[in-house]
Amino acid sequence: MANDVLLRGKDITRRWGGLVAVNKVSIELERNCVHAVIGTNGAGKSTLINLLSGEIPLSDGSVELLGKDVTGWTQPKRARAGLGRSYQRNTIFPSFSVFENCRLAAQAKHQKGWAWWERADRCSVSTDSARDAAHRAGLDKLMDRTAGMISHGQKRQLEIAMCLATDPKVLLLDEPLAGMGAEETERMLAMLDELRPDHAILLVEHDMDAVFRVANQITVMVNGTVIARGDPDFIRNSPEVRVAYLGEGH
Amino acid sequence: MDKSKGIFVALVFMALALYPFVGGGGYGIDIVTKIMIYAILALSLELLVGTTGLVCFGQAAFFGIGAYAAVLFSGEQGAASILWLLPASMLAAAVYALAVGALSLRTRGVYFIMVTLAFAQMAYFVVHDTPLGGGTDGIYLYFRPTLGEKLKFDEPLVMYLFSLGTLVFVFGFLTVLLNSRFGRALAGIRVNEQRMRGTGFTTYPYKLAAFVISGGLAGLGGALFAIKDGFVNPELMSWHLSGAALMMIILGGLGHLRGALIGAFAFLLLQEFFKAEAIFGEFAKHWHLGMGIVIIAAVAVLPRGLVGLPEVLRKRLAGSGGGESRIGGLKSAQGGAK
Amino acid sequence: MDLTTFLIQCLNAFQYGLLLFLVASGLTLIFGIMGVINLAHGSFYMIGAYLAYALAPVVASAIGGGFFATLLVGVVLSVVFGYLLEWAFYSYLYERDHLQQVLMTYGLILVFEELRSLLVGDNVYSVEIPQVLAGSIPLSEVMTYPTYRLFVSAICLVLVGAMFWVFARTRLGMMIRAGASNREMVQSLGIDISFLYRVVFAAGFALAAFAGMVAAPVSTVYPGMGGEVLIICFVVVVIGGIGSIQGALVAALLIGFVDTFGKVLVPGAAGVMVYLAMALILLWKPDGLFKAG
Amino acid sequence: MNRLNPYKLAALAASLLLAAAPAYSAEKLKVGMMLPFTGTYAKLGATIKNGFKLYVQQQGGSLGGREIEYVEVDSEANPAKAVDNVNKLILQHNVDVLLGSVHSGVALAMAKRAKESGKLLIVPNAGADGVTGPLCAPNIFRTSFSNWQTGYAIGKAMAEDGHKRAVAVTWKYGSGEEQLKGFKEAFEKGGGKVIEELFVPFPNVEFQAVLTQVAAAKPDAVYSFFAGAGAVKFVKDYAAAGLKGSFPLYGTGFLTDGTLEAQGADAQGVKTALHYADQLGTPTDNAFRAAYSKAYGDQPDVYAVQGYDAAQLLKVGLTATGGDPKKSAEFAAAVRKATFDSPRGPFTISKSHNPIQDMYLREVKGDVNKVVRVVVKALEDPGRGCSMK
C-alpha cells in the first residue's frame, strides 16, 4: 500500500501580537505512519495541533486534508472530514457515562439534529461505532461507569476512544501518555500500533522512550520552528537535536 | 429519567388533571392554571440554562412577545381559533428569538447573560414607549379564542385543562427532544463545548436552534397567559419576570425537566403562602421577607435545588455528610469572569 | 443645541457617569476577584441612601450633626456591615456555581427591601443638602448649576483618583490586581485570600453605600431605588469588561453620556438607548472594552 | 401610617376566616380592596383605604343596609400581576364590590375583569382614560378623575395666565402621555403653543439633562407630569437648576400632592390643577378633614377624598338597589342621578361614569396647595370610545 499523504501542513505560522508561536512549520502525515513531534515546553507543539485541527486560525500557511485545501474550514468541518484529535488535558464529558462519551463522539458523523423524535441511544450507527471504539481502547468493562469517576489512565484511554469513535483518517494526539503508569503506557502503545494501518497519526509526546519505539518519523521543534526531521535513528544521532535539548532542556 | 422519577412526574400530572374535579374551587383553578403557564415558561428556560448551559436573562421577552402576539392577532372582530392563534404566537416569539440568538450567541458566559438582558430590555421599551401594544397601560383581548364550536376559553375549566394539556405536551416534547441526538448534543455543549467542536459538531446552529425552540415555547406560555388573563402589559417583558423564571429553575434544580416543574410550583405556591393574610395577618404585606429567607435557606442546604431534596434527606438520615455539588454543568458562565 | 447647552449637558453626563462608577466599581471588583455575581449590589446603594436619611437625626442628637459627620458614620457602619455580610453569607458562595450565587443574592434583595420597609417605611424622603453646598453657580443667563452636584462630581473624582492610586501604588492594590487575574497565584504568594476577599467586599459595599449617601440629597430616597441602579451597573460592568476598574470608569462615563444625550436627542426612545449601546458594544467586543488580567 | 391596633387586626383576620363559611356572608357586603400596600405607591393605597373606611364608619359600619367587611389584596402596582390579584378577590374571596386601583395599568386590568364578570368596580384613583372610555360598563365607576381632565384643566389655566410658549416635560408612560394630550388640547385652544416635548423614561429620576434643555428653550412656562418620588425630585431639581425664578412651573396636581413635605421650599409657588385642594374651607371639607385627622392622626389628601367618595357612591347605589350590587342597571341609574357632597365640592357622574367636577388651579403656599381659582366648572370627560348613553 502506498504511503499517501493524508494531512499536509504548509508554512504554518501563528503569531500572537509580536510573538511567533509557530513559524513556517511544514509537516506531512502519511497513511500507515506515526509521526511524532517532540520539543521542549513552549516549543509550539500543542499550538501546532490546534492549528492543524482548526481550533485556532492560522496567521499564515495552509492545511490540506485528504487532498483538499481545508485552510478556511472550521474545526468541526475538518473533524467531520476525518480529522480527529485528543487533548493534552482530559476534556471528556465527566457527568456522562463512558459509553455516552463515545456515543456522542460517534454521533458527530451522523448528527441528524432535526430528527428530534428519535432516541439517541437507538441510533445504531453511532452506538455501534461507540462500542467499537471503546473496545479498541480497552474500555469494554467500564461502559456504564460515570466518566468523571474512572482513573486517570482510563480517562486518557477514553480520550482516544472518543477520538476513534468519530472514525477519523488522521489522528492528532496531544500527549496521550501524560501521567500514565508503565502498564497503561504499554497498552496505549499497543493500541497505536494497531491503529497505524490505514491511519495517519501525529503524536505529540514527552516520553522519549515511547516516541522512539513507536514513531516512524520524528519532527523536532524548538521555539516554534522545526530544527530536525527524520526517522528515529537519525534523530537519535543528530547533533543539532542534542544541542537544542541540552542547551534548552535545563 | 429513571423509573421512579417518571412515575413521580406522571403522578403530578394525574393529580393536576383530577384537581378541578375533586377539590379545586374557582380560585384554586385560576391559580393552578397560572402556575402551569409559568411552568411552561420555566421549562422553556430549562432547555437553555439547564440543558445547553446558556444562561438567558431575557426569557420574559419571548413570553411577552407570545402574549402580545396572541392579543394583536386576535383582532376585534370575533373569536379566533386557538388552532392557528397559538402557533402564530409561537412563531412570532421564535422569530424574535432567532434574531436575538443569532446575535447574542457571539458572546459567552456573563456577557451572554447581559446581552440577552439587553435585548429583552429593548423589547420592553419598544412596547412600553410605542402605541403599538397600548403603551405602558397594555392592551386587552376583545374575544378569547375558541376551539371548535364547543370549547370556549372564557370558561376557566377549559382554560385549566387546555393549559395542563399544553404543559404535558411541552414536558413530553422536551423529554423526547433531550433524549434525541439533538438533545444529547446540547448536553454535550453544556458540559464541554470545545470538545464538541473538536469532535465535529458545529455548535452554533445547535445553540441557535435551542434558543429558537426555547423562545417559541416561552411564546406559547405567553400566549396562554394572554388568553387566560385577557390582558397584557409591558411588565410581562420586564427583567423581573426573566429573573423569576431563572429563580424557579434554580430553586427546582437545574439539569432536570422536573426541576423546572417543581421549581415553578414551589416558587409560586410559596408566594401565595407568604401572602396569605389568614396565616400571617398584617405581616402578609411583608411577604417578600419570607420569600427571601426561604431562598437563602434553599441555597444553603439544597445546592442542587429541590430535586436534590430526597438525596439530602437520605444522607441526613443515613448520617453521612451533604451531597457533593453538581459536576460540570454551568461552568461556562464562569468563563467570562476569569 | 448651542455650545453652552452642549457643555452643560456634558457636565451632566459626566456627573451622572461618575456616580455610576462609584457603585459599579465595587460590583466589578467583587465580580472579578471573587467571581460572585452580586445581585444585591443595588441594595447596598439603597442602604446607603437610607442611611443618609435615617442616620441624620441620630448623628445630630449624638454628636451635634452635620451632613459630613453623618457621611463619616455611614461609611464606617457600611464597612463594618459589609465585612459582616461577607462573613455571614458571601463566604459560602465562592465555591458555588454562578446561578446559586444569583439565587442567594436575589434572596438578599428581597430581605433588604423588606427590612427597609419594616424599619423606615415606604415613603419617599428627601435628604437635606448641607448648608455650605446649598447654593447654585450660574452657568448661563438662565441656567444655574447646583453646587452640591459639583461637589458630588468632585468627591467622585477624588475617590477615583484614590482608587487608582491604591491599585497602582500599594501592596493591597497589587494583591487585588493579582486576585482579579489569577487566584491561585495570590494563594501561592502566601496572601490570606479570605482576608483579601473580606476587605474587597467591605470596600465594594462601602463604595456603593457611599454613592447612595452622596446621591441621596439629589435623588431623594425611595423604595425600589436599588433595583434601578443594579441593572444599569451591570450594564456598566459588562461594557467595561468584568473585573476592570479602568473599564468600569470608561463604561460609566459612556453610559452617562448615552443616557444624557439620549434624553435630549431622541426623547421618545431614551429608555432603549443604554441597552442598544450595550448590545452594540458587546457584539463588537464580546468581552467588553477592557479585559481584566 | 398603620395605626390600626393589633386587636382590631386579629378580629379582622378572624372575621375573614369566619366569613369563608357561607352562612355569615349572606348579610355582609364584601368590599375587595385591591390597592398598592407595598412599594412606591404604598402611601396612596393606605390613604385611599383610610378614606373609604372613614365614610363607612361614619355611616355606622354599613351602607344601604348591609354591613361592610373588607378583603385586602396588595396590587403591588404591578399590572403583570393585576389579573391574578383581581381573580383572587373574585374567585377566592368572592367579594361583592371591587375597589381599586392606583396604577392605571392595574385599573385597566381590573376594568377588563369587572366587565367580563359583571362585578361592581369603583376606581378610586387611576386616571387611565380607557376605564371610562372603551372599557366603560354599567358596573364600572370612577370617583377620581380622568387623565384628560387634569391635563385639560392645567392647559386652560396656563393659557389664561397669559403663557404662549410652553415646554412639556413628562414621564414616558401612559398617564403622562394622556395628561399631556389633555394639556395640549386646552393650551392650544387657548392660543398657546407647545414648543418642545421632553420625555424621561419611566421611572427614571435623572432630570438634569431635560432641565438643561428647558433652559435652552426659554419658554414662557413649563408643564410637567410626575408623581411620587419622581415629583419630589423633579421639583427640587427644577429649583436647584435655577429655573424656578425664570420659568413658572405648572403641572397636574400629582406634582405637589402628598409630596410637599419632602419638596420643602422648592415647591413654593408651583401651580397645579386638580379636583381638590388643601383648605377649600367648605363645611363638608372641614368636617371631613377634622374627622380624618382625628381617626388617623394625619392630614388627608386627594387620595383620601377619592376613597371617601368611593364609599359615598357605593352607598347611593346600594340604597337604591336594596343592598344588591348585582343590579347594575338600577345601581347605575341611581348613581347617575345623584349629586355627591364631596369634600372637593359637589360632583355628579357622567354617562361614562367619570366625575363631572370643578377643576381647581392651586398654588403651593407654605405646606399646602392653596386654591387660586376654579379653572373649569363642572368639567366632563368626553368619554371617548365609550358606547354607554
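As written, the chain order gives the labels A, B, C and D, with residue 1 at the start of each chain.
We take it that a residue touches a chain if its C-beta (ideal position, glycine included) is under 8 Å from a C-beta of that chain, and two chains touch if they have at least 3 such contacts.
The structure displayed is predicted, hence computed values, not measured ones.
With centres computed from CA atoms alone, B is the chain lying nearest the middle of all the protein shown. Comparing chain pairs B-D and C-D by the number of C-beta pairs in contact, the larger count belongs to C-D. Taking the mean Cα position of each chain as its centre, A sits at the greatest distance from chain D.
Each chain gets a centre from the mean of its Cα atoms; for chain C and chain D, those two points are 36 Å apart. In terms of their C-alpha centroids, the spacing between chain A and chain D amounts to 74 Å. If each chain is reduced to the centroid of its CA atoms, chain A and chain B end up 42 Å from each other. Shown for chain D are the residues in touch with two or more other chains, namely 38, 172, 201-202.
Residue positions of chain B touching 2 or more other chains: 125, 128-129, 286, 288, 326, 329. Every pair of chains in contact is given here: A-B, B-C, B-D, C-D. Taken together, the chain B residues at the contact with chain C in this complex read 49, 55, 103, 106-108, 110-111, 114-115, 117-119, 121-122, 125-126, 128-129, 239, 243, 246-247, 250-251, 254, 286, 288-289, 291-296, 298-300, 303, 325-326, 329-331, 333-334, 336-338. Chain D contributes residues 2, 4, 6, 9-10, 13, 16-17, 37-38, 72, 74, 78-80, 82-84, 87-88, 90-93, 104-105, 108-109, 112-113, 116, 128, 130, 135, 172-175, 177, 201-202 to its touches with chain B in the complex. Touching chain B in their complex are the following residues of chain C: 31-32, 35, 37, 89, 92, 95-100, 102-104, 106-111, 113-115, 117-118, 231, 234-235, 238, 242-243, 268-269, 271-272, 275-276, 278-279, 282-283, 286-288, 293.
For chain A in complex with chain B, the residues that touch the partner chain are 53, 55, 74-77, 79-80, 85, 87, 91-96, 100, 103-105, 107-121, 123, 126, 148, 162, 166.
Chain B meets chain D in the complex at residues 25-27, 29-31, 34, 125, 128-129, 135-138, 140, 154, 228-231, 233-236, 238, 241, 275, 277-278, 281-282, 285-286, 288.
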